[in-house]
Structure formats: C-alpha cells, structure tokens
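Alright, structures below, take your time with them.
First chain A sits with chain B, and in the next complex the same chain sits with chain C.
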Partner chain A sequence: MKRQSKGDFIFQIAVYVIVALLCVMFLYPLIYILSLSLSSPEAVYYGQVTFLIKDFSLEAYKAIAGKMEIFTGLWNTAKMVVIGTVLSLIFTFGLAYALTRKDLKGRRVITALCVFTMFFSGGLIPLYVVVQGIGLYNSLWATILPMSVSVWNVIVVRTFISSSIPSDLEEAAKIDGACDFRIYISVIIPLCKPVIAIMILFYAVGYWNSYFYPLVFISPSNTDAKTLQLVLRDILLSDGSGAIGEDALQYKMRAEAVKYSSIVISTLPILIVYPFLARHLEKGMMIGSVKG
Partner chain B sequence: MFKKILCLCLAAALACGAASLFAGCGGRKVDYDPDNFIADPNSEQIVKEKITINMFTMKASIQGQWEDMYLFQELERRTNIHVEFEEVGLEDVAQMKGLKWEDTENPADAFFLGNQPYEVAQYSQLGALRELSGYDEYTGNTEKTLLELYAPNYSHWMEEYPEIRRVTTQADGKIYVFARVALNAEGGEVATQYINKKWIENLNLADFGDTYVGESGLPETTEQFYNTLKAFKEYDANDNENTSDEVPLIASMNDASLNFLSCAFGFVGTGIEIDSRETVLDDNGNEIPNPNYNKIVWVPSTQEYREYVQYLNRLYTEGLMHDGLFTNNDTNLNSLGIQGRLGSFTSSGAYFVVGQEKDDEYVALPPLVSEHNNTQLAYEYAPRFDPTALIIPKTTPYYREIIRWMDQLYALENESLQYRGEKDVHWREVEGLEPTYDPLRDEYLNRWELIVPEGMDEIAFQATLTYQAGLGNAVFTTVDYDNSGDPYRMKMIEERKTYYPYLKRYLPQLTHTAEELEEISALEDSVNTYMKNNYGRFINGEQDPFNDDVWAEFLKNMEKFRYTDIEKKYAVAYNRAFPDAPCANELA
Partner chain C sequence: MTEKAKTAVAVKEGGNAGRGGSKKRKLRAWYRNWQLYLLALPALAVIAVFCYAPMYGIIIAFKDYNVIQGIGGSPWADPLYKHFVNFVTDPYFWDMLWNTLRLSLCSLLVFPLPIIFALLLNEIRVKSLRTTVQIISYAPYFISLVVAVSMCFTFLEYTQDRIGIINRIIRAFGMEPVKFMESAAWFPWIYVLSGMWQGLGWWSITYVAALTAIDPTLYEAAEIDGASRLRKIWHINIPGLLPIVSITLIMNLGNMLNVGFEKVLLMQTDLNYQSSNIISTYVYEKTLGSVIKQYSYGTAIGLFNNVINLVLLLGANFITKKLGGETII
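So, the complex of A and B:
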C-alpha cells in the first residue's frame, strides 16, 4: 500500500473532525429531547437538563399514556401514510412512464402543464373551494389527493426511466408480444426498484409530516380524524397558562415535560423505518444527476 | 402550434377555476320556520322545536369538545338550541376564519369570540354582517332594534355603561358585534414586576438614605432602581459567597418588563399612544402642566422615548440586565429563578419562576417615576369592554335565535356558570376564609373551590365545565373568580392589585373603517419595522442613543415613514368617538 503523504493525512484528519462535528450537531438535539423526555418534569421546567437525563422519571410518558388522542392521531396518520404512499406511487409512476414514451401525443404540452404548477398555484382559498365543491372536505381523501402527485418526483422518475432503461428493452418486449400495460408492469416497474424505494421514502415522510392540509381540510370539531401532527401541535402549544389552584405549578411542569415525550413518541416510527430505506436514499439522490 | 395549444389549455384551466369560484358564492338554502321562534324574552326556551346552529370559535389547547361542556349542555337544555361548535386552536384562528367565510356547504351561523376590529369593519362594510342595531325582518317591527327586542340583559349593560355602545359602534354608526364585558373593578389583566426584597434587606440598602430605595423600602424612581440593580450586581446579594452569580434584571424583547420600564418615562408602550399625564416635571424637578396633555403621539418620536432607550442602554451595556434580552425564554427564566439568582423579573406569579420555597422573597414593585415624569403608570393588557365577542353573518336565518342565546351569557345569574359550573355539583363554598364584597350585587361572596374528581387537574376539570378555562375572561364578568384558598395564588392576586390604580391602555378602543385600517396598518408596518430594528440597536449600544446626531437621524428617518400621518389618522377616529372632548392634535 502506498504510504499517505502528509497532505493526505491532514486532509483525512480534517474530514474526520468535520464529520464528527456534524455528527454531534445532528445527534445533540435528538439525545437532548430524549433526555428531556426521561427527566423529571421539575428538572425540565427549571431548565436543569443540559444533555443527559436528570432525575430519571417516566412521568411524562405516563401522562401521555392517558392521552387517547395521540393514539387516534397515530392511527389516522398511519392510514394516511399507507394509502397516500400507495396512491402517490401509482400516480407518479404512471404519469412519469407515460411522459417517457415518445409515441405519446402532446407529451410536451402535458409536461409544460405539470411544470407550470410548480411555479404557479391558485392559492389556498380556491383550493379550499375546489376540495369542498367535489365533496372531499372533512374526509381522509382531502388530506391525500391534493398532495398525491409531486411534479418534482415525477420529473425525477421520468429522468430515471429515460436514462437508465434502454428503449430497446421495450421493443424487445413488444416483439415478444407484450402489450403496453404488460411492458409497464413486467419490464419497467421491476427495473425501477431503486427509485421506487426513494419515492416510498419521500412520499411517506411527506405524508407523515404533513400538517397543513389536515389542518385546513379536516373540520376542527372532527377530533376523531385529527392526524398525529395536529395532536402534537396541540400538546406543544399548551403551556399550562390559565392553570388554577394549588396544583398550578405542577400542572405547568407536567405540560412542559409532556411536550418532549410526545416528540419522542411521534418520531419513533420514522426513526425505526428509516435505516431500512437509508441505503436507497444515497442512490436516489444521484438519480438523474448524470445523464449518459 | 405548440404555443397556441398551451395558451388554450391555460385559458381553459383558468376559466374552470373561475367558474368553480363563482359557483361557490351562492347562498345556503335552509327551511326556516319563523314561527318556531319564541320571542318572549321572559321565556328561557328560545325555540319550540329543537334547532342546530353552527358556531365558529377559538379554543385553548386544554379544552376538549365544546359541545360536551357543562355550560353549553345546560344552555341547550334551557333554550332548546343545539350549538355545533367548530373550535379552532388559537394560533390558526385568523386563517381558518377566512376559509370558513368561503364555506358554502356548512356555513357558520355565528362567529363566537376573537372577532378582530378589522374583521368587523371589513365584513360589515361588505354588507356581510347582520346589524344588531337593525330591525327584525320577520315581524317588520321598526320600533325596536334587535338588541332591544331580543337581548334585554345585554341592552341593560349598554344602558348602564355607555362605553359598551361606543366601542361597538362602527364608523357607519351601526352595531354589528357583541362586546366582551368585564365589570369587575380590575377588569384587565396585568403582569407583575417582581423584585427581590430579601436581597434589598441583605444589602441593607435602606440605610443609605434615598439612594437605593424610597420610603416604601423599595425603589421608587428609575435612578433608585438603577442603583439597586447595580448593588445586586456588585455585591453578594443572595448571600452565597459568590458576588458574580446574581442576575439583577432579566427581560426579553416582548415581555412586560420593558412595558414596566417604559411606563416610568410616561408611556405604557412604544407605538401609538395618547399622552394622559396632566403634569410633568421640568428640568429643575418642578411640576408643570403637560404641554402634550391628551395628544395622540407616535411614542418613539418623543423625548420620553429617548430617555427610556437611554436608560435601557445603560442597564444593558453595564450588565445590569441579562444579556439574553433578545433570546430569553421561559426555560432560561425558570432556570435562573430556581437557582435563586434573579433580582427582578416579570411574571404572573413569582412562584412559577422561583418555586414555592423562594416565593416570599419576592414582592411586586409599584410603578416607577423618572426625572421628568411624576405620573405612575401600569400597562393594562385587556380592555374592560372588548368588541370581539360575537358576529352574525347575514346569510343565516337564525339571527334572532342567536341573539337571544347570546344574551343568556350576559345574565347576572348565569355569570357564575361561565366560571365554575353549578354550586355543590362542581364547586362548593369554603368556610373560614374572609369573604369578598361584590358591589354590583351588594353582597359578600364566600371563597370557593372546585370539586375536582380524583386523578384530574383543576384546570382540566374546569375545561369540562366552561370555555373560559384556558382562554382567560368569559364574555361577561362582574366579580373576580380567583377565590381559591391557595396561599401562593392569593399572594399573587394581592400583588397584582398594586397596579390597579395606575392602569392605562395605549388608547381607548376606537373603531375605524376598513380603508382607514388598511392605510394605518400599511403605514404602521413600515415605520414599526424601522423603529424596532433601531430599538434593539439602541439598547445593545450598536447605535448610541446619547448622541444627538444619531438621534436626529433616527427622527428624520421616521418622519420619512410618515408617522405624523398615523397620529392624524388615529386622531380623526378619536375625535369621531369623543366629539365632545377631542384630542389635542392639530388636524389640518
């Protein structure tokens, strides 16, 4: 093995230092929140937790166990994520594949119209009127359909298909007697696995974090349909103001501690799923970046 | 060719969008039976057959469904009206309310709580609101207004307190909104500026004449306050053999500590305000009539404001004020508080910050006076009559029912329901504590406590009874309901009373037209951005408020932002509201 030059050595050290610093930067808030959620409400309220757990206590989690709305929210969000992601994949890949086909008439117009929506939109009130006009208001669909296709993702998928899957494959399949639909299902989709993984991640995280559409399109009085992010926000904003009586101080303390345990509870599922998709993420980021 | 097709497609898309918008503008069709309504104000029941009314409202995060609250279930039992609430969290109200007006499927019959003056002005000018001072269209009776006919309780309070009529009357002379009415002597809320009395005693500051404290044993002037803070910083005030861990004063840019300090110089805020001081002090300390008495001014343009930022600059640059002024939050505050390191801070109750053990070290600091200002002032958060309680869109046929329903909340006998539910079911009287006198009912009220079910917080329990829990005052209040026997809370309430004699709002409540409001907010936005930017820089010393040239430049730039126009616009609205006692501004 060739011996490293001094310059290389310094460069490598610098890289390690920078990566370590970045690592600390990203890990610190995660560990800090975890420590806060496991510390006693009193220590949290009086800002005594700096990094590690202070006065270990599960009180914040106990308080959450009593909040049914978190579990309702989790269930609603899970439904939204699963149904939404499946639909989004169907729409995105359908549209993206169609746009790669040279025999599609008006392909450029359709692309232009899609891209147009990336820059211009009607704004919130027209969207609200449309959603209500077609009877989606206050249903799960209102939180899924308006964000089911992201033009950005369509372009990524289209570029992937047109750059990584040779059109000769389609021709070969056609000669073997496959119809268009068969080509799409049996040839194109199996070859798209890496980009499918990325799209699952993008869409699923998007739905998981989506907050605005559920806020606007689900009636506030329909508490059974609240998604996790809405429930969480309610909890995070509650600072115990207006607390009365002898336990006012305790109440304020608990309200502060519960914030952190709810953050942990709601982030956990994504943290668990993420490592399985992370290796695809790296690949996905490069999709479409090199044409060749 | 391609361009042509694209243009056609876009045009078609726009046309479809426009068509769907207009399609949404149609009114709602309801089968309304006018004979179902019971007009007799003596009857608790409002309708013969039960009806459902949709109300948009704002809620605190502690609250559950409003329909399940005892207050509204009781009202439904009495009136036969079922109210379906659409409760939106406080932070989203503004946006969601705009959308609700577009809702044609299930439009709101009324908007309960939090109706801002600009909304009332705008929607009333668009003709979208039911005029409460108008007439009943079903009977054609033009002798009495809707309020006179169907809101006897509310009308009674309007008679007793003409200011209610004044603050709710719009620029067109009509009334579209119910006001929140707080008749309890103290009305509005305040925040208390706490100071550590024990530290003052530890350092024997009273032994130095009037250098640090006045006759009350507490600082009374801005100079005494400054000297006291300086002593806190320089010596070991908290007696822990460490002279450098004391934080003499902690504040954040948005908290009430800054209001407390600006009050000492003659104004409760740093925006538009009426100068209400009858006298001021000249350079020799002699009392003279205030030349700007009853004048509406843009505070940052005044000499008082300059003295105020100079004072803050001294506190900040000399390290008497915590250097996290621009970043402080509650956790910082509580963290320093529990360690016993705070000299002075603002809070609704000291024990929330310093814990129960150290609570008795802190006392409320009465309003200070300064070199040229001898009037004690304190900032009042909420006005006694707030024109925000309820508006009714013109599209609903149920306006009479809603007015009668709303009027129930203004009945003296229903007031307590809005705070604590039913006696001996949800609350009970506590014996052995000194009762409080209620001048309105001319009787003594016993202290009381909620009967909280096992395993429940008091506030959570209260939130199952009434909408008031977590939101602050109810729409109608005549007595203070802070009657519990908790000693920390009682101390906190007593301390608050320190400020009651000196309370002042920026301006009395004024009504404007939508156009006036638009112009005012455009002007205020730009001058405020400039002013706030410099406010911070004057405090932290980036700009020198003692330098005359810098100050002249600041004034000149603010003039470019036309602050004088803002003063004039407020003056016009003021003179419209008080034609008999106009303000001192010159209106060309």
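So, the complex of A and C:
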C-alpha cells in the first residue's frame, strides 16, 4: 500500500467524521418520527421520546384505522400515481424519441417551444381558468395532466437515446422494413431500461408527493377527491385545539400520536421502494446535466 | 403498348413529379414521419393546453375579468395597466418583494453546500461506503413537503405544554428556548435549512457525476508533483466543477422570484406572516384562497413575477457569456 502523508491522513479522518455527522443529520429525523409513531401517546405528548421508542405501543396506528379520510386519500393518490406515471412515461418517451430523429421536420422549433416553457409560464390564475374552462376542475385529471409532461425529463430521455443508442440500429431496422412505431417499440424502448427506471421514480414520487395541483384544482369541500397530501395537511398542521372538556387532553394526545403514524404510513412506501431504483439515479442525473 | 410508349409514359410521369415535386416532396417529408408526430402528439398537446393556453390567458391581467363573461367578453381594464399599478402601490408590495428576495438570497447563500458535500463524497475511497452514504443522503428528498413542514413544526415546537427536541437541546445548554415557527426573523432560515436537509444529497448528484468525469491523468500528474489531497481538490476538482456550477447558478438566478410557493404556504402562520408573505402566496391568498377572487389582480402579479424572473435569467446568462463561462442558451 502506498504511504500517506500525515496531512492526507488527517484529511481522510476529517472527511469520515464530517460524513458520519451528516448521515446522522439525514437519518435522525426519520428515525425519530418512526420512534414517535411507535411510542405510547403519553410519552409522545409529554416529550419523553428523544431517539428510541419509549413505552412501545401501536395506539397511534390503531387510531388511524378510524380515520377513513386517510384511506380515501391513499386510494386517490394510488390512482393518481398509477395512471399518472403510465401516462407520463408514454408522453415523455414518445416526444423524446421523436425529437432524437434528425429527419423530423420542425424538430428545432418544437424543442425551442418546449424549452421555453421551462423559463416562462402564464402563472397560476390563467392555468386555473384554463383547467376550469375545459371542465377538469375537481377531477382526478386536473391533478394528473398538468404535471404529466416534464420538459426537463423529456430532455433527459432525449439525451439518453441520442447518446447511448447507436443510430445504426435504427438504420438496420429501417432496412428490414420496420416502420417508426416498430423501431420505437422494438428497438428503442428495450434499450431504454435504465432511464425508464429513473423516470418511473421521478414521476411516481412526483405524483405521490404532489401538493400544488390537488390544492389548487380540488375544491376544499370535495372530501371524496382529496389526495393523501391534502389529508395529511389537515391532520398534520392542525393542533387538535378544537377539543374542550374532560376528554380534551386525551383527544390532543391522540391527535398528536396520529400525526406520526400517518407520516410513517404515507412515507414508508416511497422509502422502501426507492433504494432499489436509487442505483440508477446518478446515471440519470448525469445524462440530465449534459447540455442538450 | 409498345416498349417505347411505356418509356414515354414513364418519362412523362417522372417529369410531372419533378415539376410539381418541390411542394409534393415537402409534403411527403412531413407525411413520411407521421408516426413520429403521432408519438410526440400527446406530450405536445399537454404542453399546448397547460403551458401555452395559460400564456394566452395572460390578457386577463389587462382586463377586468369576471367568470361569467369569460376571457373574451370581459371589459378591458382602464387604464390597461391598472392592476399593475395597484400591485406596485399595494401596501404589502415592498414587504413582499423583499421577503421573496430574502428567501432567494438565503438559498443562494447555502448554494455551495451541495458542492462541498459532493467533494466530500468524492474523497470517500471505499466505493460501497460511498454508495451507502449517497443513498442515505437522497432519502430526505423523497419526503413530501407537507410531511417535511410538519416535521419542522414538531422539531421546533415551543408551546406552554410541549417543547420540541431542538428547544430541549437549547435548554439543556442553559439557553432560552425560541418560538421558531412563530418568529418572523427565523422564518427564512427554517425555510432554507429544512430545504437543505431535504436537498443536500440530491443536489450534489450532478456535481458527483461531474467529478467522476474528470480526467484521471490529472490526478496522476498531481501525484508525481507530490500534491496533497487538499491541493488536488483545489487545483483539479474545483476547476472541473466550474462549468456545471455556472449552469446551476444561472438556473437559480432565473428562479429568484419562484420561491417554493407550496412550502411557504404550508409554513405560514399569522405570527410569521410579516416575513413569510411572498409574491406567490399573495397571489394565492388574493385569488383562490379567498372568497372574493381577484383574478385579474392575481394574473397581473403572476406576470410581474414571471417577467422579472425571465429578465434575471437572461441577464445572468448574458453576464456569464461575457465572462466566458458555460451558459444555458
């Protein structure tokens, strides 16, 4: 092994110490919330939990079972994620592939028009008026369609296709008599697997966490259409101060406990799935940072 | 038909095609790729409806819009720029502008942190360890804003019967607990630091990727010259990152006034309103969040916001170009 100078050795130690501290910083809040959700409501309410579970109890999770709105929210969000991600993939890859083809007339104009939308938009109200005008207000589609195409993702996919799929393959398929659809389905898509994984992650997480469109396009009185994030906001950012009388304290404790179990329930699906897709992330971001 | 006649017909047809050809050929070039256009169509339709149609809707800013008469039927504002004047003379105008800029400036202040984190990651020589750290560091990014904001409230809580963990630590050091979430002074820092917690790992990805692309012979040369690790970072890694840093910086400048609307709205309380009232939340407050929806006023404010953003972006891009740096346009 190569000898390290003393300075480099100290430097290496410093790097590890700082990185370790940062990891604690990233993980501590997550573990803390998990511990809160699994501790007894009393311990949570009186701030006796600092890191590990105190007086293990599933009270908080039982309390959730009585909250129908969480399940309505989960169901609506699940629909949004599944339908939205499928649509987004179809839309994004279709446009991205078309834009890689040099023989496509108007390619530059289309690209410019798409990129422009990244830097300028009509603003909240015109969008609201449009959504209401085409009759999407208060529907699932209003929460899906406006965010179904991310121009940034289109550029990432386009760059991936044109940089890592040799055009000879397309030429060969063309000589064999394949039409554009055929090339797209049988040649391009199978070679796009890594970038498909990344796009699924980006879009699915985007839909799962989306708050803006449901907030703006789902009317507050329409409780059946509320998505998970809207329900969460109602639960998390209320302090249960409405309660009065003898049961008030009990009620407050319960409200506090439910907060943490609902955070865990709503966040766990993502945190479980994401490490499996994470190894593709760096590659995807690298493609995105190449100037298109 | 004789052989000769056949050739004549063929020549005639060929000739015809040649004459009317330039137009026809052009049409054919469009037609030949119809399948490609069909593939692109859904996405283009979405962009047209949800990005370009609202741009037409900008004229609402110059009208006295009402829902019944619609965009076309509503009368023009008198004078046309009425709503803009109203905004600039709004008692909250300067507060809002300053609050928005302050949040952006605070974000700009912590802009180098992901770069430093990427440099640190690059110094971890054990690959599996580095991957683990990266996966851990991205995790907070996948937490929704609603949850992240509520975690801020939990951690920073300080009411008469409940004290959050941060305040417990502060008290353990013998200092006075702070009502963070109700403090206008603390608001920008909570906003920025909680954002950093979520984004530090994520934003470092591009820099990490750029670092792996640096030519290894540079390190070998530095090795021979006997450079220390810190010197290598200073002379090789940081210059290697500059192009990508300049691009991200331009993008950030172009979004100066696009401060995360959702997050600020979630963090807003009556007590921190003084510094959490920013342009985009004000638009929401005056329109969709209110009983009397001032559509035209809201549109005008939004337009004001977007135009300034565009100008900042182009300006930053122009300056970088003059300085010879990497640009986006």
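Here is the rule we go by: the second predicted complex is superposed on the first by the 267 of 292 C-alpha atoms of A that agree within 3 Å, B and C clash if a C-alpha of one lies under 4 Å from a C-alpha of the other, contacts with A are read in each partner's own complex, and residues count from 1 in each chain.
Note that in this section a contact is a pair of C-beta atoms (placed from the backbone, for glycine too) under 8 Å apart; a residue touches a chain by one contact, two chains touch by 3 or more.
Because the structure is predicted, anything quoted here is derived from the model rather than measured.
Colleague: Once chain A from each complex is brought into register, does chain C clash with chain B or fit beside it?
Modeller: clash
Colleague: Classify the contacts of A:F11 with the two partner chains as first (chain B alone), second (chain C alone), both, or neither.
Modeller: second
Colleague: Considering only the touch criterion stated at the top, classify A:K259 as touching first (chain B), second (chain C), both, or neither.
Modeller: Touch partner of A:K259: chain C, not chain B.
Colleague: After the superposition on A, what does A:L99 contact: first (chain B), second (chain C), both or neither?
Modeller: Only chain C is touched by A:L99; chain B is not.
Colleague: Look at A:S186 in the shared chain and tell me whether it touches chain B only, chain C only, both, or neither; answer first, second, both or neither.
Modeller: Neither partner.
Colleague: Quick one: classify A:G47 as touching chain B (first), chain C (second), both or neither.
Modeller: Both partners, chain B and chain C.
Colleague: Between chain B (first) and chain C (second), which, if any, makes contact with A:S148: first, second, both or neither?
Modeller: second
Colleague: Of chain B and chain C, which one touches more residues of chain A?
Modeller: Touching more of chain A: C.
Colleague: Touch check for A:S167: first (chain B), second (chain C), both, or neither?
Modeller: Neither partner.
Colleague: Applying the stated clash rule to the superposed structures, which of 131-139, 221-229, 329-337 or 563-571 from chain B runs into chain C?
Modeller: For chain B, the listed stretch overlapping chain C after superposition is 329-337.
Colleague: Do chain B and chain C land on any of the same chain A residues, and which?
Modeller: Comparing the two interfaces on chain A, one with chain B and one with chain C, the shared residues are 45, 47, 113, 122, 124-126, 128-130, 133, 215-216, 233, 237.
Colleague: Please give the residue numbers of chain A that touch chain C in the complex, ascending.
Modeller: 5, 7-8, 11-12, 15-16, 18-19, 22-23, 25-27, 29-30, 32-33, 36, 45, 47, 50, 87, 90-92, 94-95, 97-99, 101, 103-105, 110, 113-114, 117, 119-131, 133-134, 145-146, 148-149, 151, 154, 179-181, 184, 205, 208-209, 211-212, 215-216, 229, 232-233, 236-237, 259, 263, 266-267, 270-271, 274-275, 278-279, 281-282, 285-286, 288-289, 291
Colleague: Which of the residues in chain B end up touching chain A in this complex?
Modeller: It comes out as residues 2, 5-6, 9-10, 13, 17, 20-21, 23-24, 60-62, 64-65, 67, 84-92, 95-96, 98-99, 102-105, 330-332, 334-335, 337-338, 351-352, 355-356, 449-450, 452, 457-459, 462, 469-472, 482, 484, 486, 488-489.
Colleague: Provide the residue numbers of chain C that touch chain A in the complex, in ascending order.
Modeller: 29-30, 33, 35-37, 39-44, 46-47, 49-58, 60, 65, 70-71, 117, 120-121, 123-125, 131, 133-140, 142-147, 149-151, 153-155, 162-165, 168, 197, 200-201, 205-206, 208-210, 212-213, 228-230, 244, 247, 254, 261-262, 266, 280, 283-284, 287-288, 295, 298-299, 302-303, 305-306, 309-310, 313, 326, 328
Colleague: Show me the residue ranges of chain A that touch chain B in the complex, using the header's touch definition.
Modeller: 45-48, 106, 108-109, 112-113, 116, 122, 124-126, 128-130, 132-133, 137, 215-216, 219-221, 223, 233-235, 237-249, 251-252, 256
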